[in-house]
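Contents: one structure, followed by commentary.
Every chain is named by a letter (A, B, C and D) in the order it is written, and numbering of its residues begins at 1.
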Amino acid sequence: MSKIAIIAGAGPGTGAAIARRFAQVYPVILLSRSEHTLNPLVKDIKHNGGSAVGIPTDVASIPSMDSTLEQIKSNFGPDLTIAAAIFNVASKFSMKPFLEQSPEQFFGSIEPAVMGAFNFAQATLPFMLHGNKDRYSPTLIFTGATAALKGSSGLSAFAASKFGTRAMAQSLAREFGPKGVHVSHAIIDGIINTEMTKGFGQDIPDAKIEPQGIADTYWHLHTQPRSAFTHEIDIRPYSEKW
Amino acid sequence: MSKIAIIAGAGPGTGAAIARRFAQVYPVILLSRSEHTLNPLVKDIKHNGGSAVGIPTDVASIPSMDSTLEQIKSNFGPDLTIAAAIFNVASKFSMKPFLEQSPEQFFGSIEPAVMGAFNFAQATLPFMLHGNKDRYSPTLIFTGATAALKGSSGLSAFAASKFGTRAMAQSLAREFGPKGVHVSHAIIDGIINTEMTKGFGQDIPDAKIEPQGIADTYWHLHTQPRSAFTHEIDIRPYSEKW
Amino acid sequence: MSKIAIIAGAGPGTGAAIARRFAQVYPVILLSRSEHTLNPLVKDIKHNGGSAVGIPTDVASIPSMDSTLEQIKSNFGPDLTIAAAIFNVASKFSMKPFLEQSPEQFFGSIEPAVMGAFNFAQATLPFMLHGNKDRYSPTLIFTGATAALKGSSGLSAFAASKFGTRAMAQSLAREFGPKGVHVSHAIIDGIINTEMTKGFGQDIPDAKIEPQGIADTYWHLHTQPRSAFTHEIDIRPYSEKW
Amino acid sequence: MSKIAIIAGAGPGTGAAIARRFAQVYPVILLSRSEHTLNPLVKDIKHNGGSAVGIPTDVASIPSMDSTLEQIKSNFGPDLTIAAAIFNVASKFSMKPFLEQSPEQFFGSIEPAVMGAFNFAQATLPFMLHGNKDRYSPTLIFTGATAALKGSSGLSAFAASKFGTRAMAQSLAREFGPKGVHVSHAIIDGIINTEMTKGFGQDIPDAKIEPQGIADTYWHLHTQPRSAFTHEIDIRPYSEKW
């Protein structure tokens, strides 16, 4: 019976770091919209002795997610166990005066995040339930943000999607915890150190969150015994006053 | 220049009590999906010397909300001031195991609430901004619930919609507060005493929230001077342990 | 049977505004360390037709609080009802690097606040319980601050005292709510406009909280029916981004 | 230059598990009121190849804490580094109607907790600051409880002490984080599986928190790189609905 980890939002940066960390123990399935993103990561994990499959997927689309699941089942058998499922899909971040936002922009931010989280949880949880006797409890982690706790000016869409995902994480933890599934929500509070953020805040060393740090903490969450689950955790650089 | 109050979700119960309270001072516009709901309330307010117009509206629909606004402008003139806008639309509440929820059910709960709150705020705020020199600051209030703070088992859709509305209320408060608009979010924590809840919890007197109490507190929020705005408030019966 | 209101921390500013507001309905007992502070306020309230008694009291001292209660009972009879008790005593605010704080400074900040809140609640609650059939439920309000929610750098003593008072307010609400006593906690989030703060932030009009606004909201809390109590409320100027 | 870990509240149960975990890497100093508690733990750690010193200490007493520090300095040299300091001292838990609590009981609960946390932080932080270039950032962890977030009926003293400690943890994180010290607060939400709790809740397996789980998570916090510190974390059994 196969045990795998699945990472949605396996782009460069945090997603890639999480994928590499879990690939040290499990075959990993990597989801991202673009094959372009997935290929170098799959190659890199294989090069380091891991097992990885990239499947271009739009997690906010039910048909796309369904077809991805079919592919996973045909690869690993229908009785596979998902040991870890990480929802790391970014919400669209656009700061804009509220009255200048179009409904399309507003829902274009909320739908992928909340619809994506819903689809991902519905697709993966059925394969997590029977893993609850394993050494490490099956673990579903949602990557959140400061905006999951605080709605800032001009960020109503982003905040609504992050608040919404947090609500779902809480509901799932309370429903699936007693069934042995570990559901966590991580509040990433700071700029993550990636190619994209190269230009920001260079003055203070280590003031941007290293993706590796996030990945190691996600792994730790996965290893917690069921008598000592963490549901919510914040991660921020030492330099942050917050 | 006309000054009005507008209440979305002007059904029986809380919406009606709010409408009656604000009708003591302003002409009130009452929105609800069904004319059936609006008529007796409009009649009752007029009977008591107030001024009320009921406009059947689906606030989650942009065309419906647009047409409602056109009607308001033609009634009160295009330079009307909205002194108070109350978003009191109920989210669908259905407790159900997560894996038995269909995407339609899930989004059928989130869309009306979050889309409705978005449309309502976008439609009313432009008519609130120039009221910021009035005796009472223009006030936009969102009715929330316990589920805005806590995602319970089986309630992920309901909680996501309430968390999402709270996120929007916070963002709007931070953006429009400095422009003199008072944005508040009320956490109604308990069963409201209405026709629908007649059968529940009859043993302890006053253990259900009286709509009149909510209405009086909403009115108080409206009267707060801009140096002392309240953004978030909880309302619950004395008997609640919470 | 007499009904009175009692305000601890009846200094100039917020305490005085609260006293004047409640004196419109009840005889008020004003507590403050210095007679000097109390006299002009007592005079002013009487001048406006109210009834007021000032009793110099250190609420953090049990003997002082006991003697004050004896005086109140001899004035109003032993079966008096305390309709409203407001704990408005300031905590010492001193921002200082943690390693430079002496234990005396640290506890000199916590003790008056937390000990004072404890003494005040123990002294007043016994006279509130039998008032639970009155038109307005007996009400115990604690004035809190932003530091009740957030411990800032250099403010550990101030924050610990404000967090501690908030903890007590919650515990008392859960214990005495079901007995008909309304216990509230107000988070005052901003600079209050008093003699002392005259020099601060003069550029934006109304950017400092008017004591009158706080007083009116406290009065509103007192008038809430028991089916619709508010436990926690924030109060801040419109200009605050928070 | 010596590097050590110090654990206050090194009683059986959580304290002992933490001590054993950190003793795998550092010499550990164990503080507890009674030598009786310390001796078997010291012996056990040594037996497993670790290094441990037990020093009977009342952390709420400044002279006692001072004398303990002198002893540590004479053992490890005055330029020692405290790599990890864990404040795991229990607050007195007594559920009691508020009006039956004596001031002595109330402050007998708050003082040891808050005074103890203050003394411990003041004593250890000066030896943590120069460790900020080490592989693992110097780490100060406070063990909290559900009562740090919620004041329950009859538990005002316990809650005030836990809220107060949390306030201090936040203030210290904001002050010492930028100096490279990792300050964390753990919310232990459930019954811990110890000798004392043997009789409780036996029906559901693993429904009590294993001390080992707490210890492993504390160790993980210690290993987080400074770009990805966690300040607050909850730990609860999977079976908890919370």
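What we mean here is this: a residue touches a chain if its C-beta (ideal position, glycine included) is under 8 Å from a C-beta of that chain, and two chains touch if they have at least 3 such contacts.
All values derive from a computational prediction rather than experimental measurement.
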Chain whose mean Cα position lies farthest from subunit A: C
Rounded Å distance, subunit B centre to subunit D centre (Cα mean): 46
Euclidean distance of C-alpha centroids - subunit A vs subunit B, Å: 34
Centroid spacing, where centroids are CA-atom means, of subunit A and subunit C in whole angstrom: 46
Residues of subunit D touching at least two other chains: 153, 174, 241
Pairs of chains, among all present, that meet the touch criterion: A-B, A-D, B-C, C-D
Residues of subunit D that touch subunit A when the two form their complex: 137, 174, 177-178, 180, 182, 193, 206-210, 212-214, 216-217, 220, 223-242
Residues on subunit A engaged by subunit B in the complex (per definition of touch): 62, 97-99, 101, 103, 106-107, 110, 114-115, 118-119, 121-122, 125-126, 147, 150-156, 159-172, 174-176
